[in-house]
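Okay, here's the structure, questions in a sec.
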Amino acid sequence: MIFEVFRQEKKGAPFTHAGSVVAPDATFAQAFAHEQYGRRQESVALWVVPRDAVHEVTDFHDELEKTYHRVDGYSLKAKLKEARERASASSS
Amino acid sequence: MTNAAEFLEYVQSGGQVETGDSMPDEYRAKLVKFIEMHGNSELMGVLPEREWILRAPTLQRKLALTAKVQDEVGHAQLIYRVVEDLGKPRSQCLADLVSGKAKFHNVFHYPTRTWGDVGVIAWLVDAAAIISQKALLKCSYAPYARIMKKICWEESFHILHGRDVILTLMNGTDEQRELVQEALTRWWGPLMQFHGNPIPREKDPMYIWRIKSQGNEEARQQFLDGYVPQIWELGLTVPDPKLRKRDDGVWEYGEPDWDELRHVVTGHGPKTQERLELRRRMLEQEAWVRSVVLAEAA
Amino acid sequence: MSERALLLLEYADDELILGWRDSEWTGIAPSLEEDVAFSSIAQNEIGHARALYELAARDLGTTADDLAFDRDPAEYRCAQLVELRKLDWAHTIARHWLYETADELRLAALKDSDDEEVAGLAAKMDREEVYHRLHARMWADRLRDEPRFQEAVVGLWPYAAGVLPEELRESFMDIVPGPGPGTGPVERGVHSDELRPLWEEMTMVRRSIAGATW
């Protein structure tokens, strides 16, 4: 069986995909991953997951320009200029 | 993107390919062959070095050398996983290796004779390999490029170990210095052949598909530029009277023996058959372990 | 030589020779993943040997490397279990499992030692041994019904019992019962004829240039 290995470099860091090991069961997979991804103290923790428990999702489309989802979809400069001008005109 | 021309343009402009992406058959075939040869080389490279683990003259050297060889086995594991995900099972790779059908790099077909070899291999042979490996960080096939990061990181320890062994010998007795010189003299030929014949990179399919990101001669020049000064500053002699650096920075050298290279990688090296026989014997002897315990087809 | 030095050397020699034997598998173990895992165990054993030699070396006015390499084979104090060349996986795992089981008992006793330095080192070693025991148990569980493994355990049991001092043998037999009456432990003090060839290979580079730094 193939097991995917995710490793955490130090506390607080995210777990990132590191590779995979071939093992007959979870116990062997953990023992193998322990040394393949940790023998130099390069990881503080590992997640070891059977490959078929990992589901890949790749179908992403943005066909109709969802500008509200993006930082560059908001153009505030002109509106802010107008608002400031009106506020200073009414206070003078 | 199954159109080969589009795919070629994609990889040549820096596009990355993942395992599930569609790819031209030629790309996939060349990829598998190249990566498999790398895996075979790591696995065969272990054999000349592991004898010296047992003979290491201090506890520190024994630990460092065991760790180095362990890393190489670890690299073989990473590499064969990539090949397997491309469709060729590990057991098939191992079978092709021991039957002589698949190749491995020239340097691992030669004997190791002394502790001087241990130093020269870790210092210079590994250096030659690292130059190629650093170039592979940019491989168009992303899973392979990713494992190269771990491989290059681990190789940096090997380089330090090699340098330490060599410097200790060079600062030791005359006899120890002679161990280094004698080993260097023997290894120079295979080292110069290691990066392959100087096919221009535009004609090298590996470069065209951006599996390799550097040509053979480029790699060799990098090796000479980095390491000949290191060799000369220790007072060692390179057995090539033609070796010199031109004013334009290019290294000139005596023509490597390309016949020897061809002869060796096709399975006729001094130690090829003996080493393949050891692998074959261990695979057979421990086949029961794999089938009973590791749930592999034996 | 003091009791302390003798004890340290006995333990160090066990770990050194076992580590040497285990390192014979680096590069040729049954699977690549297992090769990496088992090599770490071999390295830990050499590391433990080094730490134990270093403690003894201070008492004896020498160095760890001198103790590890420069004695005559007859002067080593290892148990025969670790000397045996067993380059087949069933025997290697049987020895590994038996040794870890015995060693756990030895280490537990040392952690309780009045000697602070020894107790401290024992505690450090014990923490590294957690992985060794996990690994040995994992394999022993898998191979429990495999005749090759069962036969290997029976054959090696007397050697394993000989690793421990008498006062710890009963606890060992509670975990791994002996094959039957009439099978006594192979005591320390006598070496197998496998130690000398091992020592010759282990020291050949070191002896090649006397007094050199490597």
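Every chain is named by a letter (A, B and C) in the order it is written, and numbering of its residues begins at 1.
What we mean here is this: a contact is a pair of C-beta atoms (placed from the backbone, for glycine too) under 8 Å apart; a residue touches a chain by one contact, two chains touch by 3 or more.
None of these values were measured; they are calculated from a predicted model.
With chains as nodes and touching pairs as edges, the resulting graph is complete, every pair of chains being joined.
Central chain assignment: B. Criterion: smallest distance from chain C-alpha mean to the mean of all protein C-alpha atoms.
A separation of 34 Å divides the Cα centre of subunit B from that of subunit C. As a whole-number value, the distance joining the C-alpha centres of subunit A and subunit C reads 45 Å. Contact of a single residue of subunit C with at least two other chains is seen at positions 31, 33-34, 36, 39-40, 142.
Residue positions of subunit B touching 2 or more other chains: 67, 70, 74, 77, 90, 293-294, 296. For subunit A, residues touching at least two other chains, in rising order: 21-24, 28, 36, 39.
Listed in rising order, the residues of subunit C touching subunit A in the complex are 31, 33-34, 36-37, 39-40, 131, 134-135, 138, 142.
Of all the residues in subunit B, the ones that touch subunit C in their complex are 43, 46-47, 49-50, 52-59, 61-63, 66-67, 69-70, 72-74, 76-77, 80, 90, 115, 165, 168-169, 171-173, 175-176, 278-279, 282, 285-286, 288-290, 292-294, 296. Taken in their complex, subunit B has these residues touching subunit A: 20, 67, 70, 74, 77-78, 81, 90, 147, 150, 154, 293-296. The touching residues of subunit A, counted against subunit B in their complex, run 1, 18-24, 28, 36, 39-40, 56, 58.
For subunit A in complex with subunit C, the touching residues are 21-24, 27-28, 31-32, 34-36, 39.
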